[in-house]
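Multiple structures follow.
Next come two complexes, and both contain subunit A; in the first it sits with subunit B, in the second with subunit C.
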Partner chain A sequence: MFTMRFLASLLFSTVRLSTPLIFSSMGGLITRKSGSNNIALEGTMLISAMSGAVCSAYSQSLVVGLLGAVLSGLLISVFMGFMSLKMQADMTLTGISVNRLSDGLTIFIIFLLVGDKGTTIKLPSLTFPTVSIPVIREIPFVGDVLSGHNLLTYFAFAVVLGVWFLIYKTPLGLKIRAVGESEKAAESVGINVIGIKILAFALTGAICSLGGAYMSMGYLSWFSASMIAGRGFIGMSAMNLSNARPFRTMFVAIMFAGVDALSMTLQTLNLPPEPLQMLPYLVTIIALVVVARHDMKQEELKKKELAMAKKEPA
Partner chain B sequence: MSFADTMRKNIIKYFEAIRVAFAVLLAIGMIMIVIFFVSDQPMDVLYWLVIGPVTTLRRFGTIIELLIPLAFCGLGMCMMFQVNRFNLSCDGAFFIAGSATAILALYLDLPPVIFPALIIAVSALVGGCVTVIPAYINEKYKAHIVVSSIMLNYVLLYLGRFLLIHWLKDPTFSYNGTPFFPEHALLTRIVKGTRIHTGIFILVLAVILTWLLVYKTKIGYNMRYSGQNAEFARYVGIDTKKYILSAQFIGGMLAGMGGAIECMGIYQQLNWEVHLGYGFDGMLIAIIAKNNPAVVPIVAFIISYLRAGGDLVNRMTDVPTEFVSVIQSLVVIFIAARALLAPVRHRLLIRDSMAEKGAN
Partner chain C sequence: MTAVQGGCEKPLCANREDEWMNDNVLLMNQMTKVYPNGFVANKDVTLSVNRGEIHALLGENGAGKTTLMKMLFGFEKPEAGQIFIEGKEVKIKNALEAIHLGIGMVHQHFMLVPSMTVTENLILGDIPKGPLFTIDSRKAVETCMELGQKYNMVLEPEKRVMDLSVGGKQKLEILKALLHGARILILDEPTAVLTPQETGELFETLKMLARDGHTIIFISHKLDEVIQICDRYTILRRGRVTGTGSIESETPSSLSAMMVGREIDLDMHKKPITFREKILEVKDLVYVNDFNKKAVNGISFSIRGGQIMGIAAVEGNGQNEVAEIITGLKKATAGHVLLVGEDITDRTIRERRDSGVAYIPEDRMVDGCSASASIIDNLVADRFFKPEFCKSLFVNRKAAEEEAVRLIEEYSVACMDKSSPVGSLSGGNIQKVIVAREFTSGAKLVVANQPTRGIDVGAAEYIRRRLVDISRKDGVGVLLVSADLVELLSVSDSVLVMVDGKISAYFPDASQVDEYRIGEYMLGVKRQSEEEIGGAAS
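And then the complex of A and B:
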């Protein structure tokens, strides 16, 4: 019975921890589809985590908190898009700088507001409610895993569906994909390429900011300076590893969350925490290598097959 | 030629420098406006930022002390950028070199001079080896180098912390720190009243050697070609992968050297529990210096001045030092923005050629 309980709590944490990864990977997916490489997901999440916690604390309203988070994430993302696309700054460099900017800016702001550089624990921030799903919560094991999560966690899974619908089933999604596949071709049919790309940045910012809001208004009830801890990058890796396909991305994100959950759960045992804390990052690097190797082998196979096919008629 | 014409010609000639200066002033100006709104003592902020670092010898000393690690990271990033790779593992290399330094300094015993020299050499190798990991998987498997190098920084952070907390730390201290290193494993302090140490001579040597390597040797030439125009380099028979990897290895070595020197010169023990965060400053320095190692110390001085000023502002006023990171990131973005001031340059060029036509 202990193992079942342990497994249930591990899977519960997995679902919980997959929330920020799903939001960041879905955000990154949209810019990737539009042909941009947005590596500022981390910074976007950090900024919105901060503004969500601060706005909800000062207004005592969840809606204002959420709006603050989404708006700030959207603004910083559009700023990055504008600087890299309109002002022609190198996108990688801009992304790295936006991440650093968020590190500094969030600490700057919370210090001015609460006089602490680490956390906003002194602020009475609000959190999103947890939801207990009527029928499912009655099912023994499944209910323990799937029910009782934060509202934003369930919303994350809805966002996966939404992003899939947006990208593959709407005219806007078609435009985004067209711009991403061939700018010239898109331009020739009258699509405003830079406009669409900046719009993609805006969407990315809005979606990532939900991940940030979850961290400070759900996962915890305050903002802490190091709370994103690479989750933007891990989400981005999940998206890159699954070649920007929404549902695959979601599964990879859940797998990464599983590693994170394992690391967190084992830390409650009497083990040295550092090697366990290292785990999510190490697994990300290993996954990058393994998948890239696999892709390369597949490509070689394809090439061989092509060569064979060419030979056959002769 | 009239005065206005000469003026215009000079502006066009030094346009890059003017653009950089404009970017810096724009970033500082933007943050200053914010500070004027949020701070009760904005004039004090300005005073401590601009004048503060040169008010006493001790404060001036902090500029030079900080310049040393910043310049090493700047040199490291120059090497990464020479081969056009965004390898951000300087932070990790710097950090883990500190662990290597502590292990050697505490468990080895050698005569003076040789001891620190050996420690620096080994730490540099450690730095190089870790930096080459993301570089290698980028070349071999095309894994995103920014992501893998940042993930690696986290891995190294926890590795270094593990070594410190479970092995190296002196349990009698109230914080996580190793015992202080023996006297002959330290870099001597050379200016009384400051912590400026002999590491500055090693820095001078490193700057000269890196500059020679990049601009005066065949290896450096091949590195630059491999990074800037890989196809052409391969066409003329350069083994691009080898040069791209070795440039990043050297970059990591420089960052590692910086970590060892900082640890032995300033801290004299290891008590790092988080990244010192000099990697981003290194990147900023390399960008402003246009990847030229010879210019790195000058730029490092400016950045160090800004950082020292920021620390004083933090201590003397109600504004936290993090506004300096905001300025720095904006500076990078504004310098990188090629379209910034481009219309001005365009107009100047047109007017210049019109004037020349008129003169003829």
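And then the complex of A and C:
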């Protein structure tokens, strides 16, 4: 049972399933760096998944499909940023409403277009091609794991590099980090704090929407209601667990994808599916608690040490 | 000393005979600021500063220094007065305009991004761009080095700000201001966070900058330092200028006298104290705050029944933390709090209240009451769960109302309707509601933090009398924290002075000291011996 072939297929699905998680976590990373707590990654992905499938079906062009996905994700994200930052609405509540709105809105639109509240299976949507990497595919095992993925999967890893470059190497990244860490410091040198924060929302929207596009134009070849299934939230957890560091975030996202892949594989062994489907979420919660407790203990220890050190006479 | 009464008698334009030293760079003429609640923060305040001088802006907390500087930075809009920079009248609407006019501020709380490097913080306002959307980090480092060498404040460009010493951070703030073209530098209590060595270095830097033609406004409480480094001074008290002139002819005592000054004489007609058993004991209390600073640094004292212990301290020297640790709002990092011999250090707030701790918090709208809840609900907030106010699962409204009526009458709270929200009352009456609740909770210890701040004279007077009453009649121990020294000395039996989280002086008999002497300890001019301070714990 646990042969090399089994392992290779498990790792292959891990890479495949990590794609939407990497996009959502990288998107969330940018708003987090700018000091906002964007919980609408899920809704952003859902809307772009829908518009990607619909736009590609009606235009029969991948480029138009992609543009549709990215544009709609970007707009909904900027809308949320504008409402919470400029109009002073509570950011968490705005995030919840964007998530709920996208649930209903996507179903409403596909019902208008295809008369079905569940899926757009009737539409001739396009998908991104899979890529077989020349030399690597010949290598046994490694080729089975790394080659033959969707184009967007490879692009996800490029985005990790891109986000790292943007955040740590460019003037914009420097400003985003400054705004996120110390608004007053940024303001004191004349940086437009709200402007930078809304720009961060735009970038987040664009990156998350690639994850949405992957779901309806790669992972599947149609849109179905609530198809993101918590991947936006898991991506958000991956990013928070690794303290918004790009490469660590990527590894945590892959780890979560691994658990997801494992639960999917185990379901084929006639185990009851419900507890297995819980696995990725359960692991997320446990990981969050473990990391938070560790951080808290460190903080407390540091304070105690400081209090004990140098007991000068009062 | 030229005492200026009630405002400015200086000519609008400074005389220009001595072209350099008497060249007026900044004149804030007859500035008046009244806050919406009617508080007059500045009244006809005139500040005149010449090029190349180090000018001290002195005053107690709440004297109006911050308001004056906020008007200069456009954060507050003055009701009256003009600002002249190099003889030209200017209207400053925001901080950016102030920066463009060559005004730079080094805040007490640094405006730096801790996880970024020295260079990154420095260039943040104007980032040099390299090829391919990158930052030209070589040019950035060069800018940083050049600036450091020019002003003799060299910092390691690649070092993270959080790894810098406090002195280093301050240098960086000064460099940041200079990079943005500041010619007038305002330093808000710059030495409060520095070691003596760092202070020495800072003074060298400031002197050099002044020689270079920069102008420095030095806001401070530390009079010996002011005398050491400043050329001239302006002193504010209660929003008015009480003195301005050349530092040479002054001593710490003469400056301190202008800063504190006696305005009204409060005679509480206190009966002599009869000491009872120890109510509160605080032993080696330490509190490390979120910035990993020891806000309270090993203090010990005790209060007996019937005794009013006052704490005098400049804002932010640990007095609030002490009050909040005793009442349970903050958790002590080390040390113990004992109430009538019982250790309550780890008790919850409710347990403390049940064993007899009452609290009049500093911020009455946040910690003292629920502004939108009714007067009745606020008055019974600490007792509605007790059997006499309950009817099975519900609150006995009738009993609650009767209690409220009784307290409103006893504490003469002026209100139309006891069901209206507390927030609709005046500040003085809100405070009376809080006092009524806290004084009738059967407390053995009352912690009163700024009980009369910002309320009308009548209500303040009433609350002071009540405070003396409960200690004398009921034998309650009182800990009083107040920034109003006249109040503190007239109400308290004994006084502690705190500086930097430590006790710097203890006066067993408050009637034997005056605010000038207290002021010297508060401002760190003097410090008592360990034996004298140790008396507080006996």
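Simple rule for what comes next: the second predicted complex is superposed on the first by the 297 of 314 C-alpha atoms of A that agree within 3 Å, B and C clash if a C-alpha of one lies under 4 Å from a C-alpha of the other, contacts with A are read in each partner's own complex, and residues count from 1 in each chain.
By definition in this document, contacts are C-beta pairs under 8 Å (C-beta built on N, C-alpha and C of every residue); 3 or more make two chains touch, one makes a residue touch a chain.
Here the structure is a predicted model, which is why all the values come from computation and not from measurement.
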* If you stack the two complexes on chain A, which partner ends up touching A:Ile136: first (subunit B), second (subunit C), both, or neither? -> neither
* **More subunit A residues in contact - subunit B or subunit C** => B
* Touching A:Ile191, do we find subunit B (first), subunit C (second), both, or neither? -> second
* Touched partner set for A:Val289, first subunit B, second subunit C, both or neither -> first
* To do: Based on the superposed arrangement, let me know which partner A:Leu7 touches: subunit B (first), subunit C (second), both, or neither?
  => neither
* Partner chain in contact with A:Val98 - subunit B first, subunit C second, else both or neither -> first
* **Partner chain(s) touched by A:Lys117 [first = subunit B, second = subunit C, both, neither]** => first
* Asked: First (subunit B), second (subunit C), both or neither: which does A:Lys175 touch?
  -> second
* Looking at the overlay, what does A:Met278 touch: subunit B (first), subunit C (second), both, or neither? -> first
* Could you give the residue numbers on subunit A that contact subunit B in one complex and subunit C in the other? => none
* Structure fact -> Residue set of subunit A touching subunit B in the complex reads 39, 83, 86-90, 92-98, 100-101, 103-105, 107-108, 111-112, 117, 229-230, 233-234, 236-237, 240, 272, 274-275, 277-278, 281-282, 284-285, 288-289, 292-293, 296
* **Interface residues, subunit A side, partner subunit C - complex** => 169-172, 174-175, 177-178, 181-182, 184-191, 302-304, 306-308, 311-314
* Asked: Can you list the residues on subunit B that touch subunit A in the complex?
  -> 38, 86, 88, 133, 137, 141-144, 146-148, 150-152, 154-155, 158-159, 161-162, 165-166, 280, 283, 287, 318-320, 322-326, 328-330, 332-334, 336-340
* Residue ranges of subunit C in contact with subunit A within the complex -> 95-96, 99, 110-116, 120-121, 124-127, 129, 133-135, 176, 180, 284, 286, 288, 292, 294, 297-300, 333-334, 502-503, 530, 533
